[in-house]
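Each of the next two complexes has subunit A plus one other chain: subunit B in the first, subunit C in the second.
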Partner chain A sequence: MERLRTRWIIFLGLAAVVVISYTMNLPFKTSASPATEKAYKYIETLPESSVVIISFDHEASSLPEIQPIALAMLRHVFRKNLRVIGLSLFAEGTAIGYEMLNRTAGECNRNYGRDYVFLGFKPQYISAILGLGESIRRVFPEDYPGNKTDTLAIMRNIDTYDSVRMVISIADGDRTMQWIEYAGARYNQKVMAGLTAAMITSYDPYLSSGQLFAVVGGLRGAAEYELLYGRRAAGNRGMLAQSGAHAYVIALIIIGNIIFFRSRRRKREG
Partner chain B sequence: MEIGTIIAGILTLAIYSFLYRDNPVYKAAESWLIGLSIGYALVVFWQSTIIDILIVPLFSEWRIILIIPLVLGLMMFSRFSSKTSWLSRIPIALMIGTGAGVAIPAMLYARTLKQMSASIMPLISENGTPNIEALVVLIGLLSTLAYFYFSREHKGVIGNAAKLGTYFLMIFFGATFGYTVMSRMSTFIGRVDFLLTDFLHLIK
Partner chain C sequence: MRTKIPLLVCLVFGIMMFGQYFSAHPIAKAVYNNILEWWQIIFAFTLLVGVASFARNSLRNISQRKEPIHRSIALAGLLVMPVLALIGGTKTGSPFLWSFQNMLAPMQSTVFSLLAFFVASASYRGFRARTIPATILLVTALIVLIGRIPLAELISQSFPKITFWVQDYPSMAARRAILIGIGLGSMTTALRVILGIERTYLRGE
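Moving on to the complex of A and B:
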């Protein structure tokens, strides 16, 4: 019972720290990491009407972390008047991706079919990624709402990676790896990623080697991107709560160690 | 308030009730999550694979060639009978063969060759100063490889290198764990945002 009570105190303390720091909504001062800055600057330098593929390769469970990254990047590409081809290589990411695309496109007055399209989900991700290098229309004869891909204005003169400046994989697992391996290595396609924090160290070697062009990682990455973009949103607001939670965890580790060493000394002494 | 937001809010609280202790409300919410995830994936796969790629092109556009994957797919079901289960080996062999053929060269190039070439950097930079990053990468690479080298006993030079390798591995595990904690916190903060903003309307 004593153990259970300690656990509740720890959880309640964490919840209190997060809720209080989140409701305070103070501006969180942060500086952009080189990887986030590289992602932002590249999109910033792209000429108008350039085409980017945004692939929503994540599950619904990682949405709280993925959404701030995806929304920040989508707002940026739409504000820059880039054309967006959305798709998903993860079944659960399909409806989420479509909703986020429509929401951000609506905010920036972009039109479906002309400025952006959502092609939907394709199983067998390896053959889908390789297939896009041969013919996007053949892999996706219809878009997600059921329109013939051929008939969409955005798809005019676009059928392979040759017309695509960047693939942005919004992922919580190893799907970005397949973009690097197949689109990057075989078709020399630039690949960028928006990743959950848990995946950052797995992709660091690919970022260092240049196989992955840039990474916007975790809530911190979203906050950095919002800072560069100049619009504070969920990422920035969440960072204060995250910093509070981290300080709380560090304090618990220190307190735990002090208790541990004191009890050990007491046992030795008596 | 939308009915979806109310359900999502109640289910979020139901999942967090586990922090108190395991209880039927949590179990019900967990079962819903698993059931809905599988159900949703099944519907998406059925539509995007069976209907869009097979049924429609085969029976509406009469692409007869699609009978081959249809038959191969049906052969997978032969596993349900011990007499006919050998038939399933044909599509499995085809899948493994083509899968390995496509994946091995790509993985070898992207994960091994490109990574090897990226780890070979000049130790002295162009202006004559030592390249610290390259030195750390070199020492980290060799010592970590030494740790996984089991053909000789870890004694002497190999033993010391392997020990150094464990420190590099621990730094990696520590960084990964730290990022994972950060990731879980972000997920929690995301749900707090949903509860306070959309569900309870306490903040705007």
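Moving on to the complex of A and C:
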């Protein structure tokens, strides 16, 4: 009963911290991490009309963390007048990716078929990644709304990774690893990632070796990217709530240890 | 015969795929492209098997009165979503996309966010300095956690640097060792499968 009560107090405390810090809406101040800065600077230096593939490799469950990253990067690539080929190697990422592409393209007055395209979902990700290196049109004969890929202006003279400057994988799992291992290793394709915070350390070895070019990681990465881009959005808003939750967990660990040491001393004395 | 043919197919395709990696010959390219397409088609059929298996399991459980409400809702979702997609398409503003964004995505995010509550509870109960290794783990976790919040920069400019050091050296060394181990293990297993030594995928025969 005592354990159950403690658990409920912890749960309610966390809920209170998140709700209060989210409603405060204070600006988030920090310096951008080197990985986020590298991602931002690379996109900033790309010439106009360069082609980037953005792959929405995530589930709906990670949307609160993934969406701010994806939106910040999409707004940046559209503002830079880059051409975007969107696709998804995760069934759930398809509808989400299509909606985010359309929304950000609309904000920047970009036209479907000329400035961006969404190719949809392919079920077997390894064969899809390898196939894109041979012929994008063969893997995706039609785009998501059902147009023939051949007929789209954006796809003129683009059929393999040779015409693509960068693959940006927005992922909450290990899909980016497959982009690195298959598109990167076999076709020398530059790969960048937008990842959930829990996945960042899994990609550290790839980032350090240069196989993964740059990472925008977690809500913090999104907030840093928004600061660099100059438009505060969902990343900044969520950052205070996330930091509050982190501080709460740190406090819980410290309190838990104080209680543990006190009870141990009492046992020794008793 | 039941085992020899799959083993032979595995051996031939394994060697062929290995060989084509080093060849730019048009025939090797054509074979490679065809195999990539077959791979997609075979995988698409496995999705159908998954759907059929889920439907059969759900129907069986409903008929046996095992969690009939939950199973019925899950089955209804499986049937309704494709119907919505067929009737109204999947474009922005369609009923399919509306259902996805306003029902599935919030539900999944809610379930996922519950993890934060259990992490908070577990960190209070489990993260204790009982032994020296546990203390090292605890101190490291605290440094990394503090380093990840903006408040750390206000406490000390060194906090983020220490966090990056922990991630870049001790953590990275361990991860690389694990990754190299996995890589070597995968290669060995692949070779064993191609050469027919590893046969557990044939139900152990």
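Criterion: the second predicted complex is superposed on the first by the 270 of 270 C-alpha atoms of A that agree within 3 Å, B and C clash if a C-alpha of one lies under 4 Å from a C-alpha of the other, contacts with A are read in each partner's own complex, and residues count from 1 in each chain.
In this text, contacts are C-beta pairs under 8 Å (C-beta built on N, C-alpha and C of every residue); 3 or more make two chains touch, one makes a residue touch a chain.
Quick caveat, the model's predicted, so the values are computed rather than measured.
Contacts of A:Tyr182 after superposition on the shared chain: subunit B is touched, whereas subunit C is not.
Look at A:Leu119: by the touch rule set out above, it reaches neither subunit B nor subunit C. Of the two partner chains placed around the shared chain by superposition, subunit C is the only one that A:Leu252 touches, whereas subunit B remains out of contact. By the touch criterion defined above, A:Asn25 lies against subunit B but remains apart from subunit C after alignment on the C-alpha atoms of chain A.
When the two complexes are overlaid on their common chain A, residue A:Arg220 makes contact with subunit B and with subunit C alike.
In the superposition on chain A, contact of A:Leu130 is made with both subunit B and subunit C. In the superposed model, A:Tyr98 makes contact with subunit C only, not with subunit B.
By the touch criterion stated above, A:Gly210 is placed in contact with subunit B alone, subunit C being left untouched. Of the two partner chains, subunit B is the only one touched by A:Ala234; subunit C is not. Subunit A residues 7, 11, 14-15, 18, 59-64, 92, 122-123, 126-127, 130, 186, 197, 201-202, 205, 208, 220, 242, 245-246, 249 lie at the interface with subunit B in one structure and with subunit C in the other.
Contact residues on subunit C toward subunit A in their complex (touch as defined above): 21, 29, 32-33, 36-37, 39-40, 42-44, 47, 90-92, 96-97, 100-101, 104-105, 108-109, 111-113, 116-117, 119-121, 123-125, 127-130, 138, 141-142, 145-146, 148-151, 153, 167-168, 171-172, 175-176, 179. Listing the residues of subunit A that touch subunit C in their complex gives 6-7, 10-11, 13-15, 18, 28-31, 59-64, 92, 95-96, 98-99, 102, 122-124, 126-128, 130-131, 134-135, 138-139, 144-145, 186, 197, 201-202, 204-205, 208, 220, 239, 242-243, 245-250, 252-253, 255-257, 260-261.
On subunit B, the positions that touch subunit A within their shared complex are 19-21, 37, 40-41, 44-45, 48-49, 52, 99, 102-103, 106-107, 109-111, 114-115, 117-118, 172, 175-176, 179-194, 196, 202-203. Subunit A meets subunit B in the complex at residues 4, 7-8, 11, 14-15, 18-19, 22-23, 25, 59-65, 67-68, 91-92, 94, 120-123, 126-127, 130, 142, 180-182, 184-186, 196-202, 205-206, 208-211, 218-220, 234, 237-238, 241-242, 245-246, 249.
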